[in-house]
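As written, the chain order gives the labels A, B, C and D, with residue 1 at the start of each chain.
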C-alpha cells in the first residue's frame, strides 16, 4: 500500500507466542502486572468532547469504546455496534448494539447511553469536534439495543467517524460536575482510578471488557492489571527512565534513536497509518499571503526532505498530499504533479515579481507548536527561507494556542502586521478533514472560495468510493494549485515508541491508537 | 504580640486584595479580544463566543466584573481553566503539594547549608575559610538555577544513575530540592555573613567577651541568636524567591507542581489559570511571610513583648 | 584580698599598639606605662584619638582580632603578664577579676536575652555557682545598684529598660563577681546629666563598698575631678602627664593639659556677669523683639499601615517664648525634652499641631511653601554634627554659597567674592573653597556651617547643640566665634544645648525644658543662680564640677509625680516658672 | 519652583556634585579582586558583543557550518549543535543579546524605580504610604511572577521578556531608592538645605539624587546580572528568545534533549551565563566597596 516498512508486529499471532503469553500470564497472576507508559504531555480532559489533542485521544481509547472500530488497514467495522443499516437516501442509519456491554460503574450500556453521548456532543457546550459528527439532526432509541440516527444530508465520513476516538461512547451515568476532570465512566478495556493532573493517569483493567471488533488477539479483558500513563516532558528523562525500568514504553529522544538501536537495549517501534499530516497553512486574508506567489515562494523555498532527514533521520516520510498516507484519497504520484519541488530559484523569482529582493525581504512569522522537535524543523525552514530572502520569525506555542492564534490571524483582515504562516498538523481518518478545514467558515477561517465550498460539499455527499475518490482528488488538486494546503511530511508527532524488552504484545492501531489488550510484562520490571 | 500578628495578617490580606485587583485588570490589558484568544479555538462560532463573554461577565463594566470576581472568589470559585475545562482551584490544589514539598525541602537545605556557611565565614572573617565560602556563595548566586539543575541531572541521573529521574517519590525530590536549595543557600550565606558580621561588631558581643564567657557561649547564645533575628526576617522573602525559583526548577525536573502549571498556562494563554495562579501564589507567599514573621517575633523579644 | 600596700595591683609598661600593617601601619598607643594601686581610681583622660580606649581594651584581649597588634609591653596583674596570656587564661580573668562597663548602655546588652541570664552567666562560668545561687546574687546586685523589684527585672529584656537602668545593670554585672579592677570606658558619656550624676554616685558608693580599683576612661574633666584619685593624660597615643588629681588640676605641667583645662566650660565661671562674655570692643546689645512664639504643640504619631495611629508622644506642649534681636536664648534640657523639636518648629522644618510663630510680625505658620522658603532668609540653622550637615558631594565653596544662590542674592563674580569674604570671616582660608567637606576637620566644618548660615545675613540663627560633637578645645574656639559674630553683627541665637556650663557662657536668657514643656524661663543669672523649679535645681546640681576641691552636693531626688508642669507664672521680672 | 536665574546655577552644581571621588574611585575599584575580575569579565563581554562579526569563527545562524553534534575540537572549539552550527560563534553573538537584555531591562526598572522611589521618599505622607505599600505588595509577588503576568499580557518573545523583566524589577528599585532617599532625607545636610530655603527641585536633584546615585549604580550593576539570569530563565522556559536567536538561555533549553548525546551544548552556554552574571555581581560588589570605604576592611 505504501513504501514504508512495516515495523508493527504481525497480526496473526504464532501459536508459540500465544502460548508464551498465556504461560507468562499464568506465572504472574500472583503479582499484579503494571505497565508504565510515559509521554511528553498530559491529557487536557477525560471528556472526549472537551479536547482534541492526540495525547487525550490515546487515553480515551483506553477508557471508552467506540460503536465501530478500524481494522489495521483503517477501514471501519463492527465493534460495540454489531450491525447497522442505512436507508436508501443515506439519511437514516439504524444500529444494533451487542448485548451485555457493561459500563465501569456496573450499569449496562444501551441505546440510551448512545443517545446521551450524541445529544451531549450537540448540546449547550457542544463537542469541540461537533462538525465531524456530521449533519446529525436526531437520535431515536428504538429499544435498548437499537437506535436510529437521522442526518440532514448525506455524509460520507459518518461511519469512519464512529470508529474514531472523538465518537467515544460515554455512559449516561456521567452526570457529575467532576466528569472529565476526576471521573470518567466508559466501557473501554481500562477504568479510571485517578488522574493526577500534570503527572499521571492511573487506570485499572476492566474485567468485564469484551473485545467485539478491535483488531487484536485478546477478546476479553487486558492481561495487565494496571496501566499508568505518566507525563515526563523531557525526552532525556524518559530515556533514562526507560533504561532504569521505571518506564516501559515512551517516545525516545530522536537524536538517541540510532544509539538505542545499536545498543539493542530497547525496541524502537514506528507507528504506521497514523493519518497524520503536517502542512503549510497561510493567513490568506492579508498581505503577503493573499498573493498566491508568496505562498508558492514559501513552498518552493523549503525542502522538507532535507529537514526531516536531519531531524528525524528516516523515521518519517515526505508527504505530498493534504491527507496522510493510509487515508482515503492519498496518492503520492497524483499529489506530486501539483506539488512544489524544492527550488529556491523559483522562489526568488516569485518574490522578485512581487517586489521583494535582498534589500527588501519578505517579513513574516512562522507558528509552530511545541514538542517532537518541530521547533528544530522550524529553525531549518527558517534558515532555508532566509536564503531566498524571506525573513521569518519563529513562534513556538502549544497546539491549542496555535489553533486559536491561526484562527485569529485569519480573521484579522485589517492589521498592518504582515500575515503569518504555520506548520499545521492534523490527524484524521478520512478526507472529510478537508471539509472541516476549508469549507467556509472553516476550522481556521482560512482560505475560502465558493468554488471550493461546492467541491467539498460533494466529497461529503458522494458515498460511492470511486466517485468520491474523484471528488476528493479534485479538491486536493485545487488546494495544491492554489497553494492553500501544502503537505510536508507524515507522520509527525508521537509516532515513535521505545519499548522495554520485557513488554510483549504492544501494538499501535491505525491513526495512532496504542493498544494494550495483548500486552504482557514478562519479568517483574 | 497579638497586635503584631494581627498587623501582619492584615498586611497579608492587603496583599491578597491587591492581587485580586491585579488579576482582574490583567485580562483587560491583553491586546485583542481575550475571549477569542481564550476560547476561539477549533469551530467556535461568534455566537458561542458571545455566550462565553456573557457567562464570564466580560460584557459588564470592569468594576462589576471585579465584584463578580470577588463574589465567586469567596465561594472558592476561581473560574475554569480553558485547557481541559476544569476548576482552576482544583487544578492548583492538586498540584500544590508537590510545590510545597519542593519549596519546604529546598528551604531546609538552604537554611542548613547557607546559614552554616555564612556563620562560618563571618566567624572566620578575613581568613581563607571566609574567602572560600564567599567565592562559593557568589558563584552560587551567579549560577543559573536551571543550569545547575541540568548539571546535577546530567551527573547524578544520567551519568552515575544514582537517582531516579521520573516518578513522584521522595528520591526524585532530591535533585530538584538540592538544586533550588543550593542556589538559595548561596544567597542566604551572603545574608547571614553580613548579618553576623554586623552582630560581631556590636557592643553587646564585646560585653559578652568582656565577661570572660567561653567562645561557644558568646557565639551561640549571644551572637547567633541575635544574628538569627535579621536573617529570619529575610526568610519570608527567601520563601517567595524559592516559590519563584520553583517555577523554573519544576520545569527542569518535570516536577509536577504549580510552577510547571504556570508555564503551561502562559504558553497556552490559559488566562483563568494564569489569574488563579497569580492570586494563589500571592496568597501562599503572603501567608508564608506571616508565619515567618511570627517566628521572627518569637526570636526577637522587642517584638514579642510589645 | 589585700595585696602588699606598696606593690601596684596592675602595672603597665611600655605598651605599644598599632593598627594595620606595612604601609598602612598606624601607631595608636606608644610606650604607655602606668600603675594602678589597690582601691584607687585612675582616670585616663584624652580627646578622641588619643588611644585611651585602645590601651585599656588591649589589657583584656578585646581588641578586634587581626586589625590591631600589640607590638610591645607588659601588664603585670596578680603575678601574671596580661599581654602574654593565652586567650583561655585571659578569659578566666575577664569578667571575674577584671570587669568592664562601656559607654553605650543601649547597645551593650544582648537584646534577645533576659537581664537575669546576662547578669548570672559570668557568675556561673567563673564562680561555679548554681543557677539559683547566681540568680540570688543577681537579684542582690540589682537591688544594690538601685533597681526596684529585682525579681521582675531579672525576667525583663534590655529594651524594656531605660538607658540609665541599663547602665545600672551593666554595673551590677561588672560588680557581681567582686572584681579587683573595674575598667569603665566613658561610662556616663551617653547619659543625660542627671542620670550621669546618679551613675557616678553609684560607682563611688560601690567602690567604697567593694574596695575595687577603677580605671576610668573619659574625656570629661568634670567627671575626672569628681571621681579620680590620680590622672593620666594622653595625647596622640602617648602619656604626656601623670599625677594626682589635685596636681593635674592645680599645677598642670604640659601646655596641652593647661589648654585642655582652660577650654573646659565651668558652670559658675560667669555666674556673676550680667551679660555673656564680651569678645568685641563695642558689642551690640539685644534690641527689639524679633521672634514671638506661643502655644506651640507637636505630637509625633506612629505610622500605621496606611493612616497615622492615634496617640503618640507629645514632643512639645504649649511652648512659647520671645527672642529679641542680638539676644541669645538658650533652650536647655535633657534628651527628649523637646528642645530640638522647638528649634525646628521655629524654622518651620516641621509642622506644628498648633501654636503661633511670628518673625518680625509675620506669622510663619500662615505662609505658603514658597513664602516660607523666602522667609528662611531671615533665619538660618547650625547643626550638632557639622559633617553630617554638609552635603558630602558639594564643594565647600558651593555649600557656603548655596543659600545666596537660593535666595538670588548674588551671582557670578559677586557670589565668588562674597563667598571668599565669608570664608575669611569665620577664620577659614579662601582657597579652601574648592575642598570637599571630608577634607576639613570637625571645627573647620562647624565654621563652614556658620559661614553658610551667615551668607544670607540672617537675623536669627538656631544653633542646635553646635559644639557638643566637638572636642573641648575646638568647642571653645567655635563658641568664641559665635559670640564674636553676635556682638559684631547683632545676630539673635536660639541656642539649644544640654550643657549648662556652655549656656552660662553664651546666653542672655535661659529656658529649661522638660518633657516637651518649658518649666522655667528667665534671665540667665536668675535661672542659673536662683533656680526656682525643682527640675532646674536638679539639673544644675547634677553638673559635674571640674574642680577636685569642690564636692558636688548630693543629687536631690526628684518626685516626678508632684513636679509642677502647669502654666508659667512670673515670680520675678521676666523670670517665669511652671506652677 | 526655583527662580529661572538659579537654574543654570543648579545645572552647574549638578555637574560638580559627583566630581569629587572620581580619581580615587577607579583606583579603589581596581584594588579589590572583585572589582578587577568583574571589570575584566564585563569588558570581555562588551568586547565580544562589539566585535562579534570579526571574532566569531562562523556565522552563528548558518546551518551545517560543520557536522551535526560534533564534539569540541580545534575546528569547533565548543563543538556544534544539532543543526551543525558552531556553538562558540553562537555564544559570541549571544553576548550582544545578553548586553541588550541587561541594558534594556535595567534601564526600564532603574528609571521607573528611581522615579517612584524619589517621589515616594521625597513626598512623604499619603502619597508615600500608598505608593510604597503597593510597591511592597508587588515586591512580594516576586519578579518571576510579575514577569509571567507581563508575558501573559504581551505574549512571549525576547523583547517582551526584556520589558517584562524590566517592569518586574521596578518594585525592587523603587524600594531601594525609597530607603536610600529616606536615609538621606534624615541626614542633617538635607535638613540644612531645607533650612537654607532650598526648593523642591534643588532638594531632589542637587541634594538627594547625587547621594542616591552611588547606591543605584551598585544596585543597577547587580541588577544587570539579575536581569540576565531572569531573561535566560524565561528563554529557557520557552517564553523568551525564539529561534534562531543565539540567546544563551534558549541555547541551554535546546540542549536539554541532547545532554547525554552532546553535553557541550549544555555546558558552554551555561558557563557563559554563569560567568557573565558572576562578572556583573563582582563588579557590583567591587563598586560598592570602592564607593563605601567603610566596607573595604571587610
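The criterion applied here is as follows: a residue touches a chain if its C-beta (ideal position, glycine included) is under 8 Å from a C-beta of that chain, and two chains touch if they have at least 3 such contacts.
Owing to the predicted nature of the structure, the values given are computational and were not obtained by experimental measurement.
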Geometric centre: closest chain by C-alpha means: B
Chain whose mean Cα position lies farthest from chain B: C
Between B-C and A-D, the pair with more C-beta contacts: B-C
Centroid distance [mean C-alpha coordinates] between chain C and chain B, Å: 48
Geometric centre distance via CA averages, chain D-chain C, whole Å: 46
Approximate Å spacing (C-alpha centroids) for the pair chain A, chain B: 39
Where chain C touches two or more other chains at once, by residue number: 305
Shared interface positions of chain A, touching two or more other chains: 234, 236, 370, 397
Residues of chain B engaged with two or more neighbouring chains: 14, 126, 153, 158, 251, 267, 269
Chain D residues touching chain A - in the complex, by the definition given at the top: 61-63, 68-69, 82-83, 156-157, 238, 242-244, 254, 256-262
Complex interface listing, chain A residues touching chain D: 234-236, 239, 253-256, 259, 310, 370, 373, 375-376, 378-380, 382-383, 386, 393-397
In the complex, chain B residues that touch chain A: 32, 36-43, 82-87, 90-91, 94-95, 98, 153, 157-158, 161, 164-168, 251, 253-254, 256, 260-261, 264, 267-269
In the complex with chain D, residue positions of chain C that touch it: 67, 303, 305-306, 344, 347, 349, 370, 373-374, 376-377, 379-381, 383-385, 388-395, 398, 402-403, 405-408, 411, 436, 449, 452, 456, 462
Partner chain B, residues of chain A touching it in the complex: 38, 43-45, 47, 50-52, 128-131, 180-182, 196-200, 230-234, 236-238, 240-241, 243-244, 246-247, 370, 397-398, 400-401, 403-405, 407-408, 411, 436, 443
